[in-house]
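For reference, chains read A, B, C and D in written order, and residue numbers begin at 1 within each chain.
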Amino acid sequence: MKVDTLLTGGMIVTAQDRFVGALGIRDGRVACLLDSAAGVDAQQVIDVSGKYIIPGAIDAHVHFQDPGSPEREDLEHGTRACAVGGITTAISQPVNNPPVFDVATYRETLAGYEGRSYVDYGLHGGASSGNLDQIELLWTETGAPALKMMMCYSPKSYGMVDDGQLYRIMQILQKHDGLAYIHAENQAIVETLEKQLRAEGRTDPLSYLASRPSWVETEAVRRALILAEQTGCRVILAHVSCADSLEMIGEARGRGVSVFAESCPHFFTFIDEDIVEHGPYLKFSPVMRDEPNLRRLWELLAGGAVQTIGSDHCPYAPEEKTPGLTNIWDAPNGVPGLEVLLPVLLDGVSRGQLSMERLVEVTSLNPAKIYGLYPRKGHLSPGADADLVVVDPSLVKTLDLQDLQTKCPYSPYLGKTFRGWPIMTMVRGVSVAEGGAITGAAGHGRYVSRTN
Amino acid sequence: MKVDTLLTGGMIVTAQDRFVGALGIRDGRVACLLDSAAGVDAQQVIDVSGKYIIPGAIDAHVHFQDPGSPEREDLEHGTRACAVGGITTAISQPVNNPPVFDVATYRETLAGYEGRSYVDYGLHGGASSGNLDQIELLWTETGAPALKMMMCYSPKSYGMVDDGQLYRIMQILQKHDGLAYIHAENQAIVETLEKQLRAEGRTDPLSYLASRPSWVETEAVRRALILAEQTGCRVILAHVSCADSLEMIGEARGRGVSVFAESCPHFFTFIDEDIVEHGPYLKFSPVMRDEPNLRRLWELLAGGAVQTIGSDHCPYAPEEKTPGLTNIWDAPNGVPGLEVLLPVLLDGVSRGQLSMERLVEVTSLNPAKIYGLYPRKGHLSPGADADLVVVDPSLVKTLDLQDLQTKCPYSPYLGKTFRGWPIMTMVRGVSVAEGGAITGAAGHGRYVSRTN
Amino acid sequence: MKVDTLLTGGMIVTAQDRFVGALGIRDGRVACLLDSAAGVDAQQVIDVSGKYIIPGAIDAHVHFQDPGSPEREDLEHGTRACAVGGITTAISQPVNNPPVFDVATYRETLAGYEGRSYVDYGLHGGASSGNLDQIELLWTETGAPALKMMMCYSPKSYGMVDDGQLYRIMQILQKHDGLAYIHAENQAIVETLEKQLRAEGRTDPLSYLASRPSWVETEAVRRALILAEQTGCRVILAHVSCADSLEMIGEARGRGVSVFAESCPHFFTFIDEDIVEHGPYLKFSPVMRDEPNLRRLWELLAGGAVQTIGSDHCPYAPEEKTPGLTNIWDAPNGVPGLEVLLPVLLDGVSRGQLSMERLVEVTSLNPAKIYGLYPRKGHLSPGADADLVVVDPSLVKTLDLQDLQTKCPYSPYLGKTFRGWPIMTMVRGVSVAEGGAITGAAGHGRYVSRTN
Amino acid sequence: MKVDTLLTGGMIVTAQDRFVGALGIRDGRVACLLDSAAGVDAQQVIDVSGKYIIPGAIDAHVHFQDPGSPEREDLEHGTRACAVGGITTAISQPVNNPPVFDVATYRETLAGYEGRSYVDYGLHGGASSGNLDQIELLWTETGAPALKMMMCYSPKSYGMVDDGQLYRIMQILQKHDGLAYIHAENQAIVETLEKQLRAEGRTDPLSYLASRPSWVETEAVRRALILAEQTGCRVILAHVSCADSLEMIGEARGRGVSVFAESCPHFFTFIDEDIVEHGPYLKFSPVMRDEPNLRRLWELLAGGAVQTIGSDHCPYAPEEKTPGLTNIWDAPNGVPGLEVLLPVLLDGVSRGQLSMERLVEVTSLNPAKIYGLYPRKGHLSPGADADLVVVDPSLVKTLDLQDLQTKCPYSPYLGKTFRGWPIMTMVRGVSVAEGGAITGAAGHGRYVSRTN
């Protein structure tokens, strides 16, 4: 039996499985899973004894802001960050300039990505009040894994949808088994609270949190669930921050509603009062909650109430963030996160807060299935793309500025120490990063369309 | 690369995965999963092109009634039925004579099973009002996957537990990460209703159903959930019949409670009024519900609200059932089911009611994990026991008396036609049944202990 | 002891009480409640033996459409209908032309009412997206019992409020223990559904119902409850049509939220399919529901889940309604109801669906207290205004065109027979209607301000 | 107009009403309610200017323990305490020796009460596992306002009912619109926890609280609600201690279930940690909860979620309580409360925690209606019994040993100061207590049967 590459001695972990054995790669795909390396003829043998081999992470929530805002991020830098972070497929959010609101823009955006990416990538379509007549084609004529829509401005230039538009979009998507990807916060309430706080002269970081209390999210989540139940449309709720929201979603799932919950690394790391120290660098939406919520999030993640983790990587240029140091309202919302998505969760594994299988489920198998990338992505069975990460579970490292590959020169995670890091990332059998350094090349990454 | 047996050309389906490829077996274990058979040196090659290869079913709810009632069933006949039915591991319920209420009986029962089984087997311990002082040892000193307890008499000879005893048992099990396996119905209500119906002179089959309305189950399930939440004990609710119960359990799971739901093939086949035709042969508890409930059960199964399917195979001698033809109260509760567990679900797959992956999850991976048999059982990764079933998804067959291997000479399923049948069953790499005929031998089956 | 008028022999019924006795009136107020008439010196004695004496109804939901639309209704005609219908205080909705959106308009509207009314009257203030800066004064500087606001257009000319505005209004009212009176339907959904139905070419009456399914109301009610709970503002939900909404409100009340539910006579009379016969004459919003809902409404009314009944009397000129006969979308929303509010409920009393005490509670005491008219209105204790209705519980009469005093020359209630009718109405001790005929005079009715 | 007694100048308060005026009494009944005393010919005029006149309290939860335990309490002493406390009707619990389990005992118990009581009294029947065949007669052949039953032992000698018996009793009562009065705690859990605590050597007061955590009550309340909903029987839950229970009951009421909640003065006064100081003198069941619960109870009382307040007056002889000082398990459960029921609530009125109307509703009108004593009791309309209390709302007094009329020589309320005290109590027009001193006579009190 011949393979190109043979990884031996590792603990291979999938969403449900683990075994110590060997994994053979041929032509960029998994060729075999073996109990031993005996009798295999490999061009290259890599001994990963004592390490984990997991399917590469699929991050469906990345704002490359490309095209449009090269001062913030671009595909090259963003996917370099993916490579070192163990993210083998990144799905670009449509919140660019221009936003991905029709088939032509979808195609042009993809054309612009050609030959520039270090890892595989997808591209979401976008839905907003202005492009309802484009929704059906945007779904049927492109490979978009989901259409992204906002129940609040995020940012205002992208627009939002009211309940009627949301209902209409869900109706259309439901006909094609489409997926509505929803930022759920109550815009009118946020606006009112912000106006009141500004009128009171508040400019401090905590005032931003006060403008987006938990119920701003839970109310909108509940409304989205009602619409999901009425239309039968598949729905994923983006960046859920409240344990209460997750419980509501979990109960709807328990009743059989086709709804999924995404959460983000920052909600598993920071709490509300951290904004006092970090100010605009921890300004994003929804906001961080209190410490009991953080604890419940970890429990709910372990228990199954979170289906995917997305980074919501969304850098802004430093000069855009600094005005927020004196007036929190003057900074845009967003935080980088590609390099830390896996370390945050691996550190949780090291502390016993979730199993490695669960980590794989929420970072790889679930997103692959929810976003229609399965069976090429999301698992390591023979025939699947050999997208994988070798993890050193006992490596302890503190995030340092030079660990960052993103264009974004700041991170609230700097100085944080995690146990458990990716030490090699392979995309379709080719190493793209090792030990935090890029080993791949721009252009190795290919576009991945949804399959259904 | 050398293997003993190579299955080629099949669609290998696990709980999360599917791919067309080859599966190699060596020394009774899965040696490799391959994209092609090329370059493999196998003693035996079996071409299963066009068929599915799935992990063997694990049926955790089998009443062999052995020792104690050889006129009803015994290990030999029961495990022959498993073999043809695609059940590679059967876990014996402790409701025997003597019941498995202490370590000594556990060991004696196992000793009595030695050399008689056609498939692998486990043995649950039992808990009742009389053996609270044995619970801890029964869990820590045996390989019991769960302790079975009743919130109602089923049967009376086994006894039951009140809420205080249930709480105490859960407390003890929680300390050791044990599993409480609970038959949840409200005994006092059942008794009262039965007494009233008998006093009214009711002896017809429907009167039996009237003695166990849905809320008799939902109330007890809710109570069990409260205790699970208070103690933190892992709990599995046996043979759940009501969609409402599943929703309650699903909501508790959504909140992070460690609780699981088992349901049974008969609830996916029969509805309440079928008892008019079948009388005592469809007398079991909990009872069948109405047609809308049946439809919701299939939806909830597909949606994830059922974690395991157990047959609750529980035959009685024909002479015990026949008195029920004239007076429904005079028949004991129980129905056979080993041969039909997979066909009932495979037929659902053929009608699009659930995916093959989901079938594998509820019949194999989930029970393996819940009952601590994983990683030996429940999946087909290298190193796992080569327990598998080859399924012909397009075989249409009507269940006939001669298809039954159990001692029980009747079945309410006779005459029912299913699309999708097991055509070969392997236990640790050895064929034990093919085309409905036994190919294995008594004694091939081995005891499987829980691993944690 | 001297009184002006003595009613003798009647069964005096209040919200909690009933006794056979005499009621003395002096200077327009209740002077005494007596076990017998002995020893009382009365100018006028009215024997009402065999009849009920109940506090006059307070209808807080009347669209006089005055000023602005004299072709539809005006204060004279509307309050004549009140007089014969047993409504002794009518609170005018602010949905006039001009709408009552500021203090000046409030005062001008009241000035225009001077000397024209047959019964006592109040006037609600109005809130909409355009007058947020007027809310505080409108509450503190007028006697408005509530501020009325819409979560949907009803009609479009009045405007509506989004969640942020609703929240802001509730905040302001909460500071002054004010009352938000809310029409709760989801505008965006209604609009979307209507557009879809129109696009399908639907113009039939049932298509109108299809544009406002139950969840359009229940979703908005739930949202209003969330805002009520967040702000602590007192809230009354107008014209609740769904039993599910009432249960949600009841549960919030059970938790201690200060929220009230109003329902209307038409929801206790008509069901969805009645629109096929009546077309535009049964077009209003929210819409009628199915028959099981109607039955649940009566049960919930008896059980306490409805706090007030308002007529939502809202006539349109016949020529405005007739276009709806050919195209349901071409008719405006509204139905007259002043003359039938009490007969609909009294008929329910005669059928045993609610007690006379409960009728008094929802038609008089509760509205008096909720809207701040108590202690002058809403009961018959000494000192209270002698606003009362003599009811003949055994009078059976079919509503006929000549029974109508309103300007509106049609009614879907025509031809309906009720058991139980007002036979005399007194406002502050003066008879204003007897046996369906007007005995009072325009100008007897006085403005009633809220007292707190 | 002639009356025997005229109370003038007081603020007359009923459950819904208040007005300043005069109240005339003739032949023990209310003859008239007047706006002024002018023209009334009264034998006796009592000026109560500046005071409140409220309907006498009806305490449906009094353990006179008569016959059976004269060392604890008896009818004479108990009803003297009622008289000074403003309780004009006391309903005796059936938990005597012998317990009131059949018609004969009911009659004998009543016969024994003849001529001994200072206030009017009723007598509940009892239900337990042993007297199911007596339930129907006990309801139909006596004037019992309710049948009292326990879901736990309280005390063991009285017995309890299991769910089946409870269901059966509710079925029987439902046929006759009867009322099930239920002590809801989960016996099996209490027993288990107590056994565990004793086994740990715990004998301190807090260990008693640990044996009856909140969920012991909430679980049983939920179960009782399920049975109430299934049978349609009217149910009142005795001495509810948890705000969570009240919310569940409130939600069931919101759905239309006929269920009522009683709470007790001690739950509005003491919190869990007070047992450290008072030990056995604050030992009763259910137990006191934490401070947030106390705050929520007051809110829920004001908001309507409590329907009646009963004292659960249940004294034990001092020598029975003292062993609890060294070992909390050695004291019986019970606390006296007749003298403080009204002061505890009046003090709440003085602090603005509830209105006087609400106080009247829960202490008089509601119990009169729930227990079938209305229209003779519970209000002050002409024709009703002149049972009333004159309250001085500004009297501030500290409870002292000599204020107690009960036989019980201790009280955890001693030293507590309340603002608002009864200063005169009249039963059927006759003064029975004034200024804390007895003015009535044994034998003035009469038996009151339920009227329906």
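A few comments on the model shown:
Methods note: contacts are C-beta pairs under 8 Å (C-beta built on N, C-alpha and C of every residue); 3 or more make two chains touch, one makes a residue touch a chain.
Here is each chain with its UniProt name: A, B, C, D = Dihydroorotase.
All values derive from a computational prediction rather than experimental measurement.
Any chain that touches chain B and also touches chain D would be listed here, but there is none. Greatest Cα centroid separation from chain B: this falls to C. Taking each chain's centre as the mean of its C-alpha atoms, chain C lies 38 Å from chain D. The distance from the centre of chain A to the centre of chain C, with each centre set as the mean of the Cα atoms, comes to 53 Å.
For the pair chain B and chain C, the distance between mean C-alpha positions equals 60 Å. For chain B, the set of residues touching two or more other chains is empty.
Chain pairs that touch one another: A-B, A-C, B-D, C-D. Within the complex formed with chain B, the residues of chain D that make contact are 162-165, 167-168, 186-192, 196, 215, 219, 222-223, 226, 230.
Within the complex formed with chain D, the residues of chain C that make contact are 1-2, 12, 14-21, 26, 29-35, 38-41, 246-247, 249-256, 258, 296, 299-300, 303-305, 365, 369, 375, 379, 381-384.
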